[in-house]
């Protein structure tokens, strides 16, 4: 089995922007993208399956399913269409090759639908617990072409700290930008600062990202119910967190140390 | 060397169901499948060899042998035929790619013999030692299509806990279902709860799985001698446990820490 | 995506020598090569991108960029031309295959431009802090053909300790020599002793390497401002150090333990 | 670069037996094979290079060289010819795939020269320091076909303990047998018990293996000077031990913890 794009539908698209939200720190990107998909009622039109994803199946709503990426389309009557990419996992948990392989397939799909701009979403852990500062958490940004910083500055994105403090972006959120750039697709990365630990779903941080993103896309997205919606997603997000934890610890055969990973057979 | 299906015989099959029992937690799946193979006197007809298996040979009955998967056929005069898959190891100890690669080969073989249903067997470690509860240990289940839960409910399978508590199935037992589903093959997973530690052969748990499975297949399998039979398998199962331990610890070159892994050359 | 050589320009070259300076211990090779590129105003003419590099992008000068190797050409009016190779990362962080794959591509490029000699630069950590001995730090050497030691001896290179004490050279600096040798390209490795810890940029050690190298190439390179120049590179070198640290620790998904690796998404 | 057999010479061979001696526990196999090569003055006729070997070069006798396997031929006027395989490293340090890939190439070469029998040599660590028992250290054996045990029993090989206590053979020494068997080549493994720690060259154990092997091959090999000869090999064996240690610890980028691994660049 090779990494495979499965096209479920071929919607007409008008100048689509690709928004990526994979699981990661605080699950910020995943929550932000899924929240918008739900709010806008975007329609799924494609999936990616890959042997570079972890060899597990998720059990959800009483059904077993391979890990996958999902692409949703939203017809924007007032402007550019939007493609959302959400996934059950990062692009390649096993190593660089897989990460590049899957990310290239995403860019292939983007090219097929004439995507000219890609916005990747993620979280950035500030590393300390600073609840009192929570409302000061910023959205950091990075671009593929520095001349574009100017046009995003009005949206309250902090580009300075990304360059000087972060210095690099790890995983699909970064790699998709790097690969897009090589094929002439413009890219922007939005990272919500998150106060807590790496994997601890953070709706507050996602809210900041959705606010900036909906401003950029010029879509009206109400944010008052994001925490409630995230509560509703919680069961599934917990499963994704397990997948991520498992990948991080590189537990190959379920050694029983983790309560949630006691099964293999 | 690529992963290779070696067909030893081409038996006529009547609507076969594929039963998988690879080593894993409690060796539940492996014991259950092997017990039924022995009881039914099923005949070996195929093997799989793969460079994704660990680079070791087993010494058994005075002979050296590569790790392999084995397929057995049982001619069921009163109903659907059965194919049993047992293996010396999980599908791919080294990483996702290998796991997908070998599992796909299993599904290829299933398609070749017109398998329409696959049942995978495994163990689920409850994580605590609860001997006193042993007779309450359940068989958990998961399916590829939720509408099938109904027809399995009479067999005393617990589907609720699998979705809500486990959330995912790691390794071949899960992956085979996920891949089967993509090719239109219906799948069911049976997991025997096991009280102990990950790798500690548990005939009690396997007994529960055999009971449910033989009910589903409508075969009469006496269970009073399973512990005795497992005792007889013990020498070989011990070797499989070593293979599994070795894989888990990812000891590449026999570092002498494990009594049973003191050889490399 | 496969490892790809991207030729930006096809300069005329006169008997070019390839000088390699990848990041590594003390960043000695990288600093030495970059210092010479800047001083000589060498021109970039090629890049290598690879799925064997880590799945990250660097953010530098406000732009996101994939990890890459860069090749610079210097037209030497008084002798042999020079090609400099610098990189954001070692040849293959993920394993042997990648390392061989990328290194072979470097040798392919060398052959395309008729390179007959390759000089790789690196650092060798003496393992102890011996500031008082710093001015006694030597440049160690190794060659692909022992008859060439004689002609390099006048440049104050210590070949004895490399054979007896080091015994092997790990990574691109060694592998490029081994692969070059197989294709009939002569090779020399220069390693600056460095007193400190593996990854701690050491301009003093690089200075020794530049001195020996410029003597061999018969180029006049002033060394009085190397520490100042390295200070100027510091921001970017810090980012490379993060990439290296990350690769060493094999952190697959940014687990937040390292201050500089708190992002994934 | 793919794994490559490099034939240096095409000697006429009369019914050759392949003897394998790669580095490993106690370096028993490597020492035994090299001692016989030196004593018999066998001639090198082939090499294997592979991207599955570690990305390092050895510096020996003042020259840099890729890791390799070497094949030597000894013309036996009084019986079957002998091919010796020695290597700088185990077949594939990085994972199963590499191990299978390189081992298959060895069997390819064996078939090309009509090898009908392969004998692999290694060490088996008893795990405890028992100097006083040293002269009781045995040579353990395993075969590809159990009917052959009978014909080797007169040579004082212990087959029982291998089956019951070891249960599996890890690495090239085992894998070569398993792969040979699949192609109809008969195989025998000889393992010298060694009292000490995994990597600690043990000439005493190698002596036992040479004694049994020379009996089987019906060659007269004096053993009184093996310790002296091993002393002479010591410098190179020390380098191989470093390669092995490095592989075991899976240090990807020379993190300075090991005195002998302080270089990368």
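A, B, C and D are the chain letters, set down in written order, and residue numbers restart from 1 in every chain.
Keep this in mind: a contact is a pair of C-beta atoms (placed from the backbone, for glycine too) under 8 Å apart; a residue touches a chain by one contact, two chains touch by 3 or more.
Since the model is a prediction, treat every value here as computed from it, not as a measurement.
Path length between chain A and chain D in the touching-chain graph (shortest route): 2.
Note: the chain lying farthest from chain A is D, by mean C-alpha position.
Of all residue numbers used where chain B meets chain D, under half belong to both copies. The two sides are thus made of different residues. Between chain A and chain C, the centres computed from C-alpha atoms are 35 Å apart. Each chain gets a centre from the mean of its Cα atoms; for chain B and chain C, those two points are 50 Å apart. Multi-chain contact residues of chain A (touching two or more other chains) are listed as 93, 95. Applying the touch definition to every pair of chains gives A-B, A-C, B-D, C-D.
Chain B meets chain D in the complex at residues 1, 49, 51-66, 93-95, 98, 235, 238-239, 242-243, 246, 252-256, 259-265. Put simply, chain A touches chain C in their complex at residues 22, 24-25, 28-29, 90-93, 95-97, 99-101, 103-104, 120-127, 142-146, 149, 159, 162-164, 166-175, 177-179, 181-182, 187, 189, 191, 197-198, 244, 247-248, 250.
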